[in-house]
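Note that chain A is present in both complexes that follow, paired respectively with chain B and with chain C.
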Partner chain A sequence: MSAWASRFPLKGNKLIVQMLLLLVIIVLFSFLSPYFLTVTNFMNVLNQMVEVGLIAIPMTMIIISGAMDLSVGSILAFSAVCMGVAYERGIDIWISMIIGLLAGLLCGAVNGYLIARHRMQAIVVTIGMLVMLRGLVYVINQGRPISGFPDAFYFMGQQYIGFIPVNAIFLVVMFLLASFVMKKTRFSTYVYGIGNNEEVVRYSGISVVRIRFILFMLSGLFSALAGIFLVSRLASAEATSGTNIELDVITATLIGGTHIFGGRGSLSGTFVGLLIIVFLRNGLNLLGVSVLYQAVILGALLLLAVGNKKFNGE
Partner chain B sequence: MKKLALTLLTGVLALNLAACGSTSGNQTDNGGKPNQGASGSRTYFMNPKSIGPAYWAAAEKGAKKAAADLKVEVLFNAPTEADSSKQINMIQDMLTRKVSGIGVSPNDAKAVGPVFKKAKGQGVNIVTWDSDAPDTERQYYVAPATDQEVGELLAKTIGEEIGGKGQVAFMVAGLGSQNQIAKSDAAKAYFAANYPDIEVVTTVASDDDQQKAYANAQNLLQTYPDLKGIIGFAGGEPPAAAEVVEQAVKAGTLEKNQVAITGIAVPSVVKNYIKNGTIKTDIIWDPGKLAYVTVYIMDQLAQGKEIKDGMEIPNIGTVKVDGQSVFIGTLEVTNENVDSFDF
Partner chain C sequence: MRHPVLKMEGISKEFPGVKALSDVSFELYPGEVHALMGENGAGKSTLMKILSGVYSPTQGTIRLKGKEVTFGNPLDAQRQGVSIIHQEFNLFSNLTAAENIFIDRPEMVGRFRRIQWSKMYDEAQRLVDSIGGGEIDVRQEVRHLGVHSQQVIEIAKALSFQADVLIMDEPSAALPENEVKKMFDVVNRLRAQGVAIVYVSHRMKEIFEIADKVTVLRDGAKIDTRGIEEVTEQSLIQMMVGKEVGQLYPVREQKHDQEVVLKAEQLSLDSAHNVSFELRKGEILGLFGVPGSGTHTIAERLFGLRRGTGEIIIHGTAVKINSPSQAKAKKIAYVPPDRHRQGIIKPMSIRQNLSIPMLPQLSKYTVLDEARIKEMSKEYMEKLRIKAPSDGQSVDFLSGGNQQKVVIGKWLAANPDILILEEPTRGVDVGAKAEIYNIIHQLAQEGLSILLISSEMPEVIGLSDRILVLYKGTIVHEFAHGEADQEQLLQRASHPLSEGGCL
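Our next item is the complex of A and B:
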């Protein structure tokens, strides 16, 4: 009982630590670069973080449930290219978009079926999907980028409402919705429960298979959404899109305080983690720091975050 | 929910800060504008396809040299992998930094369209180099030579070496890559017009995979015993062909100089094959020079100067300007000059 009691205030502390870190980064870069603290730059950053952010939502849930999905980048590309090919065949852009979403959902269902139903290792299954889907993408579009979508479609990734990018608004709404689900519904209790002790949840008469299946379906769907927003932002669906995006997503989730073995974590933490990595990268870009050093700094930050968690949580 | 509210509150506060920052940013911007014309205050962003390969490292040297010569600042940066969306994020970040010009070697010619449009709206000049993005708002494209010229030059070289008769095979990096198609088509057309007795037996693609290029070359020698020449249209092909031919000569299955090789390759990679006489002539351009000229062109544009055909660039020489394209010319690497290249 006392363990529980002491855990909660610490959990709150962790979020404050992360927000302080974010604030330090923002203040630091504001002093270092005159271009950092501007509305255009902030909107720019928001615009760039949407794809990683969308995938981070189900990723946080999956990691909380004690699993992992490494296939998200390939699902993203697969959905984007499916949509592109459908549009090229003369199908209406909005229907093509739905085809893209269904493609992502299907990939997520395959992941979920193998992992939940057949109890295969999530990491192994999703690595398999990562490689296979990337290959399929090249088969479908033969490696050439697809472009020439109608202007109405670019609304999602390139337009602003007032001075806020449309896709950023969508991301924030999604985060609020998901956060509500993870705070107020029974579903979230099951997810945390599976992450803490899967057996107990099963013996309580709850279908672990169904929960896991839903989680991977969600991951597929959100990866597809990210793919569509990416195509809309870049005006081109290409075979290489989303490569290594899973690293960014998982980094954001972990910096946000989600425990890699599951059971603990929050979407608000992930959101802050996300802001930390995008602002860090943007600030370093503005300063003209070579990407090679950027990778070193990001890796060091991750180590710091994980180290910090051990200090706090265990 | 409380935590989330707190997060959002911080976000809003940050935005408020940003809003304050932007006004002061604008002021400094206005104050800084008159200085923009003076030398030393101009900054350019040079954006290759990726960071890592030796080719881009050589380009970076040239860009830095241009920065020193022209007394401007040049930032040379790109993602570690040739990824279009990361490249575009980087260009967007540099647009907020208000650089005077951006030199891009686009990973995806179509995807850079919107960001180039945005750059033009902000009055930032975009110059593509090494790889072009036609149908975008880019101002100029800096290249070694047209694909047609390079293709014809390669065909002419091999035609002379084998005496205008016999079987020739093409090795390309990718069958779908526009610059490879254009070069090999030009070479074929050149053969048809000038060496009707030369037969192009096949075109094999390595997909930029060195091991596959090597296997392709081995298969060529097996399948076509009468093969006279090989043209490698991308950096990895000529060394693969030369290595396989040298091994076959050593094993006694092929006579020396039975198969002539030419192609596009960095001198340092084919140095030994040229010294051994396996490759007589290799075509290349200097990536450093390419980057140097790109920075120079951006600097001219930023100062509102005109880009003219045959214009003289200090330390480089004259360049050919055709419409929106700037050509720096190719180099022929032979046994006589192979030691003089530093890339």
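Our next item is the complex of A and C:
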């Protein structure tokens, strides 16, 4: 065994370790539950992971840059409710959708302005926005859920192409696109650079303010997108939408090997991290494990995965 | 005959590849202020680090009050009676003065592990009063205190350990002019109390005002110890500088009547006042001054890192430079003094580090043009002779000299008109130094205008076509090519009012 281990050192093979963990989870639950390893169940899981997945894209980038966005769940709800209210006022659903996206962008811009331009702490600013926006959501709509959207709109969250959910296809396309951006463009060099040594990037004549601003705008936009997909999937825009989603998103990102202090990480890792937590949740659900125990297990997994140096390839 | 309180004998210190100190002996008597002088890299700080327990010597002995001692760490040294006050104070700004003085001290802890607050405040106040800091309330948090008062707290902390030896490292550097006098009062009181003080400073004026004796180090060896009345400013500088500048520096041909590339007019911001100068095409203009004289501020202003008043004129047109990206657009490049914090991104590859400023030009629709980036990094690795197995290697594994070449290379790739070099050879070994000097010379030959800021005098003298000397934020002298030697340069930079430069 030790010879095998030394021939395939864990160092630098973070992604392989994460994939192995995913495989173990899938195999384990296949034995424990007869319903787990079925196409229907898998597609269900994919369908349900889209919102967390969409937000995990900019979150990974932001954490790589050495910051954090805790306001994503509130932005999600704010965008969803803005869209719902616009539709209720008789605005066309697609235009309402754009209004929802603009609302998200606006929130991202506020975050970005305070954090990038005024060099305020990202955690402080986004906690402020988390609380404030959630309050605003209740104010806008008195906490009443909005439903009754046209059928065409449900296409995004409920329809399947062949046997694959539309929203899952969208998520995968977004991940591929973002992966390309984070591997092949100069934006990625700047983001990793800022995460490793912000001063050097600034001293290289690059506007760190602009990069940070773009990152938080992206986060706002993707949170809004997630909000719209959530409304489409559940057929209802609610004030409680997306509560605590930031914890799932950050957990997936960290299990995916992104370093909490920035500088290191990848979107492919985040994607695997995402699959790990959704399959774990789904399997535990099928076994009838209570949500409360699920939280305990997920938390323990995070501690093991991120605290364990071998797992992190260090 | 008094006995020395401290006797260091035959101290040598070797670091891998470098001999920082060789066979240095040093004696210190109670109640004397002993100045320690030398150029940067002469070994002053290594000697003081050995004395304060940061390093242990490779060879040699330290005797304190006649007994041979070894210090495991700075706290150990402090307990045995040797304290150091660094240029940057080590105080907790959110704790009170008294807490700072007596932090982590068992004698202030009473029964049931309770802190004896009243004893601590009384004792702290007594210490502070004893060195003339009567106006300081030790119950105040340190952040409310001025710089001088903070220094008093540092000294009180050292005294609370019954210090026999107190090392003061550039104690006047952080102080405004009017507070230096107060600091001297404190030093005089300590001397009267019999404390032996090692006073490390670059400032000639102060040495003559406060010191009893002076020891000069050069290239890791002791040159001499003399009574202050036996030396003059001239003879001290002579001792510090020693031999003439060697063959490290390429011979520069003088070109005249070149066009003015950069004109700075009346630049002012914090330490700098109305600084004006002209930089010509293909010229190396040296800017020299002691720390705090404003040379660094001028560099930051020109590169847009800081804003201030005055005008910057490039190729005859006044330009606004409010950010590094604007400076880059005006073809100004800056090699900053601290490469670890400002120059290189350590975990990233040589290629990435070299290409960072130029990425907008090396990508299409933001997608990186890998082929061109590789070509560019290969070109600059060859041009600057950066030694590494490949350009994919992380810069963390490079030697200091090669890292510095990466910082210079990344700006050469940006094809600037004006290159500001600040401390271009800090922490670089002699071989790489010569290479870097050659590169700088070559670049100027090719028509690049270079502003050279350095605290190493031989470097400034050896490379520059002209040298401007800054003192307290104003230009006090200009040396034409070949006019300056180290003595005059140091004199102008440290004590501009004396006319000794004409001797």
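Here is the rule we use: the second predicted complex is superposed on the first by the 296 of 314 C-alpha atoms of A that agree within 3 Å, B and C clash if a C-alpha of one lies under 4 Å from a C-alpha of the other, contacts with A are read in each partner's own complex, and residues count from 1 in each chain.
Keep in mind that, in the parts below, a contact is a pair of C-beta atoms (placed from the backbone, for glycine too) under 8 Å apart; a residue touches a chain by one contact, two chains touch by 3 or more.
Just so you know, these numbers come straight off a predicted model, no measurement behind them.
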item	value
Contacts of A:G90 with chain B and chain C, given as first, second, both or neither	neither
First, second, both or neither for A:N196, with chain B first and chain C second	second
Contact breadth on chain A, by residue count: chain C or chain B	B
Contacts of A:T240 with chain B and chain C, given as first, second, both or neither	first
Which of chain B and chain C A:G162 touches, first, second, both or neither	neither
Residues of chain A that touch chain C when the two form their complex	184-187, 189-190, 192-193, 196-197, 199-207, 263-264
Chain A-touching residues of chain B, taken from the complex the two chains share	1, 3-4, 6-7, 10-11, 14-15, 17-22, 25, 28, 51, 75, 77-85, 88-90, 92-98, 107-111, 113-114, 174, 176
Footprint of chain A on chain C - complex, ascending	303, 305, 323-325, 327-329, 334, 336, 341-348, 352, 355-357, 359-360, 362-363, 366-368, 410, 414
Residues on chain A engaged by chain B in the complex (per definition of touch)	12, 15, 19, 22-23, 26, 30, 33-42, 44, 47-48, 51, 142-145, 147-148, 154, 158, 176, 179-180, 183, 230, 233-236, 238, 240-244, 266-268, 271-272, 275, 282, 285-286, 288-292, 295
